[in-house]
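The same subunit A turns up in both complexes below, where it pairs with subunit B and then with subunit C.
This part shows the complex of A and B:
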């Protein structure tokens, strides 16, 4: 157990103690106790920066289930460290923000911080694990803690709906991912990501390779809200705003991005990977940015914006995979896509975190998040406005903020796709820059809506619930820090490039680092008059034009019918599934014992006849048979007549007597077939049984004493005939297929010598196989006690009094 | 002989199943009775019929019938008797408590 492991586990340990703080120390907001930990962890992870840059990865192992190859291996490389810093850094800011956002008196803070810390620990575990099973464990923990946080205000119906939806979708993806991991294990024999990467080249031809790829991507796409699995994210906005800022913009939704980046060395050489990741990314980008424009709720806009930005990062990671096909090139332009992805990942976490906090502040100060009821807040809340301006301009990709830089790099990567000559890209490659540009135009539009509809214009006619004024400093502190980072990263991007982006890119594309082709990331604000600059100018011009004339074209959103939306599809799917399964269950579980018997007998007939035909077991060999005597024929006729009488008897008394007749005839058969003990027992027992039947018959309730025949039912007749035929066939075939002799000879020889008896059957019962007899006695004893209990025990009557 | 017995057993099974698919509880129990008769006869038939004398050593015969299935059947008879007796008393109690012997009326409410 190293310090690194302790760092990953620490949030869980603290989560255990949070309720004590919450219950015992009422005077202080519980968040202050929590705040210490992410701050310490952030400082701790900062210390890894030089080590990771200079020496590469740091690895520590603790055995968990060594016999299955599952060890808790903490592995810190550039990528893991980048995420760990995001998680702890933004985690500290979010905890700070939540201290001022959540009221000490009204909210159940104990649960909130327990869930949040659980989430933080789980997320650290995801990004710092080298073992796939450990990664999966933490992955599901993030799903669970996210579920708990979304449903934090569990008395609201929408919260519960959102929590359930996100749970269903992300757990579906998580399970698919587990399947992918297991396939990887089958192919490589190891759960360690390092090991798998080192064997990546051997796997390409494996039949499991593509299924593993698709399953792992399913996990990543559901978690990172990629099209069409993005629908859970807008509904997750029912969570408290600090949660939305932390989980649903900066960290959890990036777990899928992390997974794609982490698995890139394994899968990236495969064309399927390139296509799936980049196409789904770019579709998500366009679809979500298009949909963000029509939202009226601040957090809904931000949610769709998050989805679209995640699509952007995803598509960049996809394009980055193309770099592997050009190892010879010295100036590998596709590698820039990976760098852009990492850079935008950081940028998005900063500006989106601050924007969510701004939305929370606006909600907190006015009581509404609906942009139709907002406006003119600029003068009332100047600081919030400034933060929002920085955040939205960065999101729209305007200089001098960091979003501009990553947007330029994004365009550059997309334009470079045009010069790819693999995977048929000559034909379809042009789609990428076009879609990227369209997505950016819509991004620009909703960024402007977000800023100007909230903060400028006239104040709405009806008054807000509260009188808005500037938020307290504590609440503003976190967004100010994030906005400051937006500017700092915008103006001095290279403070990031050497320390964190290069190691992260090395981790995503280890093949290049091994070949000695280290990245030299140099991001500059001014990069000359290139295609991407003109694209940005066009985005601004067209975006402004469309923003101004928004009311004129807004009705195009109504063209697409609501019934066909993905949400309706999900809701309908859920309702239908429930209905279908209910109908199905009701259809065959009808409560009638007769139906169940029919199912059982049909299964019996079906399975046995199928396997007999399949194995050609039916045989009618007529040798080796005993001769037929007259007595037997007579007895057989008696049994036949008696059993058929039972079927057609009108009175139950007749059937009981006929059953007795069958029993006595069976006893006579035993006599004929040389079984005296059996005959004896059969006679006695049949007598007692018939007496019992008569007893039961005598006590029939009067109302249904009306005697009637069994009503003929075709189904019963067919089924019973089938059973009879199958049993006969089995009996005949079994008799004809005897493979070896009976062991009877042993008993015949040893009954006298070893057991000292002459009656073989009795000696077998009490001597050779006495155990059977003992438990048969037990059966009789239990039956007797059961009968006694049934007759004597009358609990219901006792209660009735 | 075995062919005849096999057909007879099949007949017993068919009648038993037909009874078990009826509505009256008493007839269902009669059906189980027939089914156990069928099963016992089948055990005996499968061991081969009329292959010697009664399995008593005092007979001093050359061939004896197989004693093992007889022991098995004896056990089975006693057990099926125990179960049948239990079922009958259960049916009797059901008559007393529920006032019906129609299994279709005994459906639980969901």
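This part shows the complex of A and C:
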């Protein structure tokens, strides 16, 4: 157990002690105790920066289930470290913010911080695990803790709905991902990501390769809210705002991004990967930014904006995969897409975190998040306004903020697609820059809505619940830090490039690093008059135009009927599935034993006859049969007549007597086939059981007793005939397929000598195989006790009186 | 010779069982049926005895004894049912 492992599981350990702090130390807000840990972890992970830059990666292993190849291997490379820093850094800020956001008196803080710490630990585990199964374990832990956090205000119906929805979708994806991991294991024989990457070249022809790719992507797309699985994220906004800021903008939704980046070395050579990742990313970008414009809730706008920005990063990762098809790193312009993805990942975490916190402050100070009831807050809340301005302008991609840089790099990457000459991109490649540009226009519009509808204009007519004023400093601290980072990264992007972006890009594209080609990232604010700059100018011009005339064209959102939306599809899907499965269960589980018997017998006939025919085991060989005597024929006729009498008798009494006749005839058969002990027992037992039947018959209720025949039912007749035929066939065939001699000779020889008895049946029963007899005695004992219990124990009668 | 005679006896017993069976099926009252059943069992005893001679074994003598006991017990039980309506009476002093 190294210090690194301790760092990963430290949040879980602290989560264990949080309720103690919460219950015992009531004077201090529990968050202060929690805050220490992510801050320490952040400092701890910062110390890895030089090591990762110089040596590449640090690996520590602790055995977990070595026999299955599952070890808790912590692996810190550029990508993992980047995510670990985001998680702990933003985690500290979010905990700080939550201390001021959540009231000590009203909220159940113990649960909140337990869930949050669980989530933090799980997320660290996801990004720092080298073993796929460990990664999956932590992945599901993030789903569960996210479920708990979304449903934090569990007395609200919307919270429970959102929690359930996100749980269903992300766990669906998680399971698909597990399937993909198992396929990877089948192909490579290892759960270690390092090992799998080293064998990546051998897998491409494997029939499991494409299914594994699709399943892993399914996991990444559901977690990262890609189209069409993005629908859970807007509903997850019912969570407390710190949770939204942390999980649903900066960390959890980036787990899918992480997975795609992490798996790129395995799959990225494949054209399918390129197409799926980049197309789904760009569709998500356009669709979500288009939908963000029509939202009226601050957090809903931010949710759709998160989805669209995730799509942007995803599409960049997809385009970045194209770089692998060009061996030279010099002039390899597609590599820039990967760099842009990593850079935007950082940028998005900073500005989106701060924007969520701003939305939380506005909510906290006015009591509403609806932009139709907001306005004119600029003078009341100047600091909040400044932070929001920085965040939204960065999101819209305006200079001098970091969003501008990553947006420029995004456009550059998309324009570079035009020069790709693989995967038919000469023809379809033009879609990418066009869609990217359209998505950016909508991004610009909703960013402006977010800022100006909230903070400028007139104050609405009706008064807010509270009198708004500037938020306390503690609440503003975290967004101020994030906004400051937005500006710092915007003005001095290269403090990031050498320390973290280059190692991260190396981790995503290890092929170039291995070839010894140095990889330099140099982001500059001014890069000359290029296509992407004109695109940005066009975005601003067209976006401003559309924003000003928004009321004129807003009605196009009503073109799509509500019923066709993805949410309606999900809701209807749930209702339908429930209804269908209920109807199905009701259809065959009808409560009638007769139907269940028919199912059982049909299955019996089907399975047995299929296997008999399939194995060609049916045989009618008659050569090794004994001769049939006249007495057997007579007895067989009697038993047949008696059996048919049972079926067609009008009175139940007749059936009982006929059944007795069958029993006595069987006893006679035993006599005829020389089994005296059996005959004796059969006679006695038959007498007793006929007596019992008569007892049951005598006590039938008088009211509904009707003397009528068994009604004829075709299905029953067919099934019973089928069972009879199948059993007869099996008996005949089994008799003809005897492979070994009987072992009876041993008993014949040894009954007298070994056991000292003359009656072989009895010697077998009590000597050779006495164990069976013992337990049959036990069966009879249980039956007797059971009958006694049923007769004597009348609990319901005692209750009555 | 003896085999033919035994077989003939078996056939005759079967005929007797069949006749008694007719009484069981058609017998207007319960006592008729009880007596017919008793007769069937007695005939069965004889049939088993003949079969055991035919099979040349002593192993079925117990079967004959059991059949005799069962026939007696069941006839008694049924007669008691006809007479009293119950077979096992409850103790009065309870």
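In this section, the second predicted complex is superposed on the first by the 800 of 801 C-alpha atoms of A that agree within 3 Å, B and C clash if a C-alpha of one lies under 4 Å from a C-alpha of the other, contacts with A are read in each partner's own complex, and residues count from 1 in each chain.
Assume a residue touches a chain if its C-beta (ideal position, glycine included) is under 8 Å from a C-beta of that chain, and two chains touch if they have at least 3 such contacts.
Predicted model, so just to flag it, every value in this text is computed and none were measured.
**Q** Between subunit B (first) and subunit C (second), which does A:625 come into contact with in this model arrangement: first, second, both, or neither?
**A** The first partner, subunit B, only.
**Q** Applying the touch criterion given at the start, work out whether A:692 contacts subunit B, subunit C, both or neither, answering first, second, both or neither.
**A** first
**Q** Once the structures are superposed on A, label A:676 by its partner contacts, choosing first (subunit B), second (subunit C), both or neither.
**A** So A:676 meets both subunit B and subunit C here.
**Q** For A:634, select first, second, both or neither according to whether it touches subunit B, subunit C, the two together, or no partner.
**A** Touch status of A:634: second partner only.
**Q** Quick one: name whichever of subunit B and subunit C touches more residues of subunit A.
**A** B
**Q** Of the partners subunit B and subunit C, which touch A:776 in the superposed model: first, second, both, neither?
**A** First partner only, subunit B.
**Q** With both complexes overlaid on chain A, does A:491 touch subunit B (first), subunit C (second), both or neither?
**A** neither
**Q** Under the stated touch criterion, which partner chain does A:592 make contact with: subunit B (first), subunit C (second), both, or neither?
**A** So A:592 only meets subunit B here.
**Q** After overlaying the two complexes on chain A, where does the subunit B footprint on subunit A coincide with the subunit C footprint?
**A** 674, 676
**Q** Per the contact definition, I'd like the list of subunit C residues that touch subunit A in the complex.
**A** Subunit C reaches subunit A through residues 14, 24, 44, 48, 51-52, 55, 57, 59-60, 62-63, 66-67, 70, 74, 77.
**Q** Which stretch or stretches of subunit A touch subunit B in the complex?
**A** The touching residues are 591-594, 597-598, 601, 622, 625-629, 632-633, 636, 639-640, 643-644, 646-647, 652, 655-656, 659, 662-663, 666, 669-670, 673-678, 681-682, 685, 688-689, 692-693, 695-697, 699-701, 703-704, 710-711, 713, 715-717, 719-721, 723-725, 727-728, 731-732, 734-735, 742-744, 747-748, 751-752, 757-761, 764-765, 769, 772-773, 776, 779-780, 782-784, 786-787, 790-791, 796.
**Q** Touching residues of subunit B toward subunit A in the complex: what are they?
**A** Answer in residue numbers: 1-24, 26-27, 29-30, 33-34, 37-38, 40-42, 44-58, 64-68, 70-71, 73-75, 77-79, 81-86, 88-93, 95-97, 99-104, 106-108, 110.
**Q** For subunit A, which residues count as touching subunit C in their complex?
**A** Result: residues 631, 634, 657, 664, 667-668, 671-672, 674, 676, 679-680, 683-684, 687, 691 of subunit A touch subunit C.
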